[in-house]
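Each structure below is given as structure tokens.
Both complexes shown next keep subunit A, but they swap its partner, so subunit B is in the first and subunit C is in the second.
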Partner chain A sequence: MTDLAPPAPGMLEDLRRRFFASPLQALVSLLSLGLIALVGWKLLNWALLSAVFDASQGAEACHRAAGACWSVIAARWRIILFGLYPYEEQWRSALACVAVVAMTVLSCIPAFWTGRRIAAIWLAGTTVFYVLMKGGVLGLSHVGEESWGGLALTLFIFVATCLIGFPLSIVLALLRRSELPWISRTTGLIIDAVRSLPLISILFTFAIVLPFALPHWLQGDKLYRVIVGSALFFAAYQAEIVRGGMQGVAHGQGEAAMALGLSYWQRVSRILLPQAMRNALPATINQFVISFKETSLVVIVGFFEIIASGNAAYGTGEWRFAYAEVYTFIAFIYFVFVFSLSRYGAFLERRMSVGER
Partner chain B sequence: MGSLLRNQKARNALLQAVFVGALGSLVIAGALIARQNMAAQGITSGFDFLFKPTGWEVTFSLLPAKPTDPYWWYFLIGIINTLFLGAFGLVTATLVGTVVGLARTSSNDLARLLGRSYVDVFRNIPLILQVFFWNALITNLPPPREAHEAWGFALTSRGLYVPILNVHGLAFAGATLALLAAIVLPIWLGRTTRLDSRPEQRRPAQLGTAVLALAGAVLILFLGRLPDTSLMSVPALRGLNLQGGLRVPPEFTALVVAIAVYGGSYIAEIVRGGFKAVGKGQVEAANSLGLTPWQVFSCVRLPLALRAMLPILANQYVWLMKATTLGIAVGFADFFMIVALTINHSGQTLEAIGILMAGFLIINLSLAALFNRINKAIALKGSQLRG
Partner chain C sequence: MATLAQSPNPDIALRIEGMNKYFGNFHALRNIELTVTRGEKIVVCGPSGSGKSTMIRCINRLEEHNSGRIVVLGTELNDDVGNIDEIRREVGMVFQHFNLFPHMSVLENCVLAPMLVRKLPRPQAEEMALRFLEKVRIPEQASKYPGQLSGGQQQRVAIARALCMQPQMMLFDEPTSALDPEMISEVLDVMVTLAADGMTMICVTHEMGFARRVADRVIFMDRGEIIEEAPPETFFTASRNERTRQFLSQILNH
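This part shows the complex of A and B:
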């Protein structure tokens, strides 16, 4: 019996088929290759080959070099990461960031995906963060919110936004699905109004305008007002995601639960929400990703978060030319957080679509 | 009372009344306190301030603006600036997104790798960081004396200089409108049912309107020529600065570049999703009919993908429109920055915020309505959409 399969193509033949099958293909391949080589070489040369890493020579060495001046990071990383936090206490700020990262990683593990466990992890993580940052107990010295800054402040605003915004989004989604027309319509109006506004205008309103419209005893610190504003914005978007998830739960489920005599709260907490959250999970992760990136907007209402501290790090005297290095460093930090979170979201989406088949 | 609470209808009515009443009284209480606080500072509430002169200057304006102009004029300038920046941002982001998205759906591994790296890098860095970066990059460019110059363009720390026609501003606006008409009218003529009875007249009518509108644009430009000047104004070095041409301020350039790069990475994903949504069977059927690869792309894949993309694209455009508010981070006088400055200078907090909300509501609703119409107009009828 003869082997009918065509002979396996050689390596050259394989390359030709993949990249040079037609003149157009060849052109696209060559252009892409050229672009990759050019950008790759320029980046490599700038970031590594011609770069200055040694901080001991100060900014002078950088003026002579053609590449990146990483010594600005070596000299200023503390101000970028911790802002104006007291120098001797900055280990607390670092530890607090680690606590938040640990909390996020834990809540990505499916074993913790029950309402109670997630809530426990997030409350514990936030408490650890808050105690470490603020101090005043356990022999830690007191550090007021006005001197929080850098990465720690960014993480705090993000976590607090999620912690307030997530439950609020479920409440809003339930209210919007209410059978009572006035309740669902009013909630719908609020959600749509918030969604149609830019986040900056909401942050601005909560930070600067709201004190006019609140009695003195309710004003609180500007930081917490901004967090409430950003939580409201998060909740308005997340509520629509949750509502979409709820619409995906079959009608029969609710009816069956009703026929079994379950009360409204039992139906919501045992039947509706677990299935709705599962449907809404990929979109929810996506919303967390967007929300983390948008935390950076608080720089506009005058907070010393990571971008503002970056501006300060290169803004003075000798390092004035080193903006690209500082922004690259901050972009890298954001990239690590956002990219891993969105990869995780994509992984979940694949995993869940396998489960459905 | 007890029986009233047991009555389902009465209970529902009561519940709703309490909910709406509580929210309403919160809003009213806030407004009352705000009025009181403002009165304590000697600010009278109401919209009278709209007709008072502002007393401060705007940094960027397409319309003539001076500090003696009233507030309503400044708000108009802000809205026009926002729309102007938004239009530039949307068009450039769509161009970038289409190229990158096509690269991502290409059958070529290298092109796919390029597209994917682009999306992964730029989508995961906050927009405001990118705005700051480009702004710092441009303001750190060499001064006009050592500018990078090419083809009459010049890139300096004071912004981008482009050559322009020596015409009056109004003539320029009129010519832009005429050019738009040259594109829109033929499309409308191609679709209108009024010409259905005389299909042979469609082509001539389209050609005729296009030529007429183009001629109109040229005529308007000719009439609006500034006397005693050359046809084009090209930036050239005089002393320490560049003279002539049009200076695009650094903050505007930075915003457009950032929105194009960041928005482009999102639109690329939408484009990719649109092409992925085209049924495999459709493409196979087109191939088996003997269509060339270009025909398969332009007559089958593209039209179907476009329809799948459009609703998501509309959302993205609304989002990008809102992103123009980042102008305040680098000092571009967009609508939001004008509102913020108004609050600073006049103290008319509630009114200014109300105008801001109304402005964005109108912009977003009109964008959404426009896209709904386009969506309806191009929707496929019948059951041809099966994969």
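This part shows the complex of A and C:
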């Protein structure tokens, strides 16, 4: 008589149906469970129960213990985070990291998404970072780019790559859609050329080959040349992502905007890009994540970003055995940043799906 | 032979003279001649592929004509971008597939162009938008997004959006062909009201009932040419053109 849906199975019943439906399935389930428990216990034991946290007894205490030697982090974290930056000045590097993170977080908040506010945030953020890191003014001692390192350097390269590369990618995508064939073809050629080169060869070229080709006043520090190269690489990939997003915008959208009298830039900024970026969002977040991790490649051209500083942290005789702990710590830092980025992407997707059925 | 250049007649909304349009080698429009006076309602019909849509899309430069002249509201449509902008400001258009901006609410859809193009302050733009949404009978949907509305509601929003620019002429490109049958009349009703207000209208449509009620002239096109041009009563009952009669029998007798 009634047409209620059948009652949902209870949790136990649900487990039984999913994992213990037949004897063989039950066996596989039990074996897997045992394996997971074993690995989980080993990990827990290594990471926490038998681990050494107290740095006061130095590396000796670790040799006696069976677990992880976290005291290496307590003893060497400043090298990991700040690299070769002068020890007494490392507070500046820390503040600079905070400035870059604050700038990134602020520019992720929709309330700040007007041209003027974003520009103000970025200008303030990069200025504070640069003044703190480089010094030479306001009574701060001068620290050259060659001494920058660790997390501050990784963050700076990543953020600068995105700040230059992202707008560039939109420009490239728009040029590639140009109705003038010589513009769209030339842009396409540039994008495809950059994409067919490995990032390492681009970094090498910009860091080492370019100084021979450029006049001295155009060279800048190696750091900035590397950032330009990495931004170009980012832009070439991101331009194709943006272009894909634009192809997903119905042709009629531009026509409707034209018929209403909107100018080219109004159509691009109000109609085309908002919809294209919504389409391109998952791939864009992906590209940001990849770029963040690819910053580690600058070690090739002699920069002490966070992984290189990590190598230095366990590289001295006393801590030579503690590489696993150092890498776990670095992995954790990467995880914090990349995971936040992914979560932010999910937030944006929810926000942008407003108005969809 | 009165040519328009010497005598800009303020009563004339649109004059097309000897207009041709090609898509590659395909001759899409042949020697189009058309004059529309202010306040006139024109219905354009004809078989698919006959160039109806292309013709009205040439009027606001969504398509570029290859030869001949088009003068819209006293402004010649040529490569002068200023002229194109001026014409687009004064000519509203409604599309078959609505083309509302899906990332904006109904209200934002309506205030966007008045604020960006006419530089209207937001309060005035919103007030006007609500007035026109009232006119198309959906003021209560202002804060919704296009995806949340039915096809008929979306098309009425599209009409309101075009009206918010306070155009002097409206182009309708098959405004009801993408709608479910039960939604056609709500859109046609709005168009009838608009016609009664004296708007200059050019409608590409197969709604012959609408043509009978509203049109001053019906234009029949086939293979890129204007074949016949007549008041509706003559057009529907006394057409002497073979192709017109064949077309009418196809769309009326089924």
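Quick note on the criterion: the second predicted complex is superposed on the first by the 316 of 357 C-alpha atoms of A that agree within 3 Å, B and C clash if a C-alpha of one lies under 4 Å from a C-alpha of the other, contacts with A are read in each partner's own complex, and residues count from 1 in each chain.
Methods note: a contact is a pair of C-beta atoms (placed from the backbone, for glycine too) under 8 Å apart; a residue touches a chain by one contact, two chains touch by 3 or more.
Please read all numbers here as calculations on a predicted model, not as lab measurements.
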Which superposed partner A:Q275 touches (first subunit B, second subunit C, both, neither): second
Subunit B versus subunit C as contact partner of A:R18, first or second or both or neither: first
First (subunit B), second (subunit C), both or neither touched by A:A74: neither
Partner chain(s) touched by A:V98 [first = subunit B, second = subunit C, both, neither]: neither
Chain touching more of subunit A, residue-wise (subunit B, subunit C): B
First, second, both or neither for A:I109, with subunit B first and subunit C second: neither
Contacts of A:A120 with subunit B and subunit C, given as first, second, both or neither: neither
Touched partner set for A:E294, first subunit B, second subunit C, both or neither: first
First (subunit B), second (subunit C), both or neither touched by A:V171: neither
First (subunit B), second (subunit C), both or neither touched by A:L48: neither
Subunit B and subunit C footprints on subunit A, overlapping residues: none
List of subunit A residues in touch with subunit C within their complex: 250, 252-253, 255-263, 266, 270-271, 274-275, 278, 352, 354-357
Of all residues in subunit A, those that touch subunit B in their complex: 18-19, 25, 28-29, 32-33, 35-36, 180-183, 186, 190, 193, 196-201, 204-205, 208-209, 212-215, 293-294, 296-297, 299-300, 307, 311, 321, 323-324, 327, 330-331, 334-335, 338-339, 342
Touching residues on subunit B, where the partner in the complex is subunit A: 12, 15-17, 19-20, 23, 30-31, 33-34, 37-38, 103, 106-111, 113-114, 120-121, 123-129, 132-133, 136-137, 140, 322-323, 325-326, 328-329, 336, 339-340, 343, 349-350, 353, 356-357, 360-361, 364-365
Footprint of subunit A on subunit C - complex, ascending: 60-62, 85, 88-89, 91-93, 95, 97, 99-103, 105, 112-113, 116-117, 144-148, 158, 161-162, 165
